[in-house]
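One chain, subunit A, links the two complexes that follow: it is found with subunit B in the first and with subunit C in the second.
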Partner chain A sequence: MVDLFPLTLESAETSRRGKRLIGPLNLTLSGDGICVVMGPNGSGKTTLLRLMHGTARLTGGRVRWACDTETARHDQAFVFQRPVMLRRTVEENLAYPLRLRGVARAEARGQARNWAVRVGLGEMLERRAVLLSGGEQQKLAIARALITEPALLFLDEPTASLDGRAMREIEAILTAARASGTRLIMSTHDMGQARRIADHIVFLLGGQVHETSAAESFFAGPETAEARAFLNGEIVE
Partner chain B sequence: MTDIVDLWEGLRHAFWLVVTLDAELADIALRSLQVTLTALVIACAIALPLAAFLAVRRFRFRRATIATLNAFMGLPPVVVGLIVYILLSRSGPFGALGLLFTPTAMIIAQVVIIVPLIASIAHQSLRDLWAEYHDLLISMNVTQIQKVRTLLWDARRALLTAALAGFGRGIGEVGAIMIVGGNIDNATRVLTTAIALETGKGEFALALALGFILIALAVGVNLAIHWAGQTERDSRW
Partner chain C sequence: MKQALILVFLTVFATSAKAAEVMRMAVTTSFHNSGLADVLLPEIAADLDLEVQLLVVGTGQALRLGRAGDVDAILVHSRMAEEAFVAEGYGTHRREIMYNDFVLIGPSDDPAAIAGTDTAATALQAIAAAQVGFVSRGDDSGTHKKELSLWADADVVPEGAWYNAVGAGMGAALNTAAGLNAYIMSDRASWLNFGNKGDLVLLFAGDPVLFNQYAFLPVNPERHGHVKADAATRLEAWLASEKAAGLINGYQIGGEQLFVFNATP
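Then we have the complex of A and B:
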């Protein structure tokens, strides 16, 4: 597995139709464990993740990986807030990234079945993915992202609008992925979730990084007034 | 009253022509099918990748290209026939090929007529699917060819509708193939041109009989393609 970290953003910014969405911001991530990007709605969490992943266009500054950008892009995956399901069965959805990489059909199907069992979708292999529940679709999306064993997985609010059981199952999948060496960068505005699984916190507000620290120290005593207010449940803009 | 008698006579005539396996009728019907199905296969091979390309690729004049394609759906068949006639006539640029008044000329004319229709209908479906898949496929670093293949495969049932629309237009077409085929007995006569001929001769019963057989053929092929494509068999797509 190629080491992608440290990931460095140097005066990175992105604008759309003349309006700056985030930045210019400087940020260095060591990538250990699960890094959670927190902040209120509209703070730029999704844009920051897309910027790092390369699916949002940089309008200034740069994003640097420890390896070359092409290799880094190839070795990462992204899970969206609203999972995108291919109009195929669960098994075909899981096998799709492997088939793209030239894995033989039988081998891809075998791996797809293994992953389906791992995320609790083993009984649903032949079901159409779009007919799954929200939680099942998100588990499928995460398994499809992990099936190629990426070095880094981005997740954009993966448990937003899911019930407690689905959230617990997804968090279990993510912590298992961390244990197997995959680095995770995810956004959430669910404080409880961040407390449960985060190793590192990036606090974002108004498109700017206000604080980066280890999760333990962030929750014990945030350095900035904005982060403190956010943790206290106050409305922060 | 006379019209109803003609209609009844036509039905009776059609029934006997089919029951007695009239050799001339079989020849004409098979030629109709051969010309239209060949044109359909060629047109799909051109139109479907073109539609997918227009859905996924951004380039200058893309909108103009799509608008032109949509406008070409209404190409007057007689004019298409005339242009193909000029191109294939002895003094035309492709005159040396000796294709005028052959089934090949009729296939060429039908391809010209149905390519814009299939491409436009297919493009609508593929554009919607691309909007759904865009973020996922971009994040997976999918190549242009892989995008096109994914879209064509996942939208195959919608594309079947586009192909059937093309088949419907082709099998019922008379103006262009009359000009480039010449309606030559045992050579280029098809159901539509035979109907036109019999109507001109005042043989309404026979013309109606051929018309009923044409309708039966069109409906039969549509049902067969639907059945083969398993459309509507699944709960969704």
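Then we have the complex of A and C:
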């Protein structure tokens, strides 16, 4: 597996129609585990993930990987809050990214079946993906992203609007991915979820990195008044 | 009816020089944006002494104008809708005249990486997977119908914040895509003629499914007695002639041929 980290943002920013959406950001992410991006609505969480992934345009500064950018992008995947399902079966959705990479049909099918079982969709292989529940679709989307064994997986609010059971199942999938060596960078509104699974926290406010630290120390005693207020459930802008 | 009238009044009327006879033809915005009409209409006027007034609308609206008998013929590019138009008795027949192709346009840094894909379906799947901005005509035009058929072929339901249906013609949709730095499907002619490209570039073309066939459909005089069927017949013969073939095949922008004549005698 190629080493993507440390990932460094140097005065990185993105603007649209003259309005700066986020940045300038200076941030270095290294190490293993799950990095959770937190912050109030509109703080730029999704844009930060997209900027790092390369699907939001960098209008200033740079995003630097430990390897060349093309290799880094090839070795990462992104799961959205509302994933797009192909109008195919669960198995075909899972096999799709492998087929794109030239994996033989039988091999892709075998891996798809394995992954379906791993994420609890083993009984639904022939079901149309668009007919799955929200939680099932999200599990499928995560499995479809992980099936190519990316070094890094971005997830944007992966459990928003899901019930407790689906959330638990997805968190189990994510922690299993962490255990197998995949680095995860995700955004969440859910403080409890961040406490349960985060190893590292990036706290965003107004399009800026306001605080970044190990999850344990962030939740034990954030450095800034704004982060403290956010953790106390107050409205922070 | 009120809506149809408003659309007619908003329509661009492109006319050739004064001639003995006048007829009306509804054409697609993509055809008009290509600039080919400016080449063909003066020649038609000179050869047939016929002034062809163009009502420039989307294919869906062009077919509605034909159904209402507001035009004498239509020149559009949506085969299934055209065949339905004839089957319902609103058109006498459908004659293929020429084709061009659709292309996929997007930001020069191509965040969805469609430039290296093999098929239009894979390219659209990549855009959907990356959930990067895509602008759709969303106006029931032939181009819009074609785009929707390509999404269906790709097994993707295009919906979500990344998919922006603007309900506008090709030029306005391209402007929106340039403003959002988003992906868009365009006919090649409109793209080449588009002056505000911003950071957009042509990223994908060449899949045969992007073939864009234009057909001429005379409005049925049995449905609407007032239509100028004779003028439409003369125009059709001219559009299928060797002279039209030379003009259509010879029409270029920036050294690129835009249309291929394929009318059969």
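The criterion applied here is as follows: the second predicted complex is superposed on the first by the 236 of 237 C-alpha atoms of A that agree within 3 Å, B and C clash if a C-alpha of one lies under 4 Å from a C-alpha of the other, contacts with A are read in each partner's own complex, and residues count from 1 in each chain.
FYI, contacts are C-beta pairs under 8 Å (C-beta built on N, C-alpha and C of every residue); 3 or more make two chains touch, one makes a residue touch a chain.
Just so you know, these numbers come straight off a predicted model, no measurement behind them.
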item	value
Fit or clash between subunit C and subunit B when superposed on subunit A	clash
Touching partner for A:Phe203 - first (subunit B), second (subunit C), both, neither	neither
Which superposed partner A:Arg57 touches (first subunit B, second subunit C, both, neither)	second
First, second, both or neither for A:Trp65, with subunit B first and subunit C second	neither
Contacts of A:Phe78 with subunit B and subunit C, given as first, second, both or neither	both
Contacts of A:Arg88 with subunit B and subunit C, given as first, second, both or neither	both
Touched partner set for A:Arg17, first subunit B, second subunit C, both or neither	second
Stretch of subunit C penetrating subunit B in the combined three-chain arrangement, among 22-30, 40-48 or 220-228	22-30
Subunit B and subunit C footprints on subunit A, overlapping residues	55, 73, 78, 80, 84, 86-88, 96, 100, 130
Subunit A residues touching subunit B - in the complex, by the definition given at the top	53, 55, 73-74, 77-78, 80, 84, 86-88, 96-97, 100, 128, 130-131
Residue ranges of subunit A in contact with subunit C within the complex	16-17, 54-57, 73, 78, 80, 82, 84-88, 96, 100, 130
Residues on subunit C engaged by subunit A in the complex (per definition of touch)	107, 109, 111-113, 122, 125, 128-132, 154-157, 160, 179-181
Residue ranges of subunit B touching subunit A (in the complex, touch as defined)	129, 132-133, 135-136, 138-142, 146, 150, 154-155, 234-237
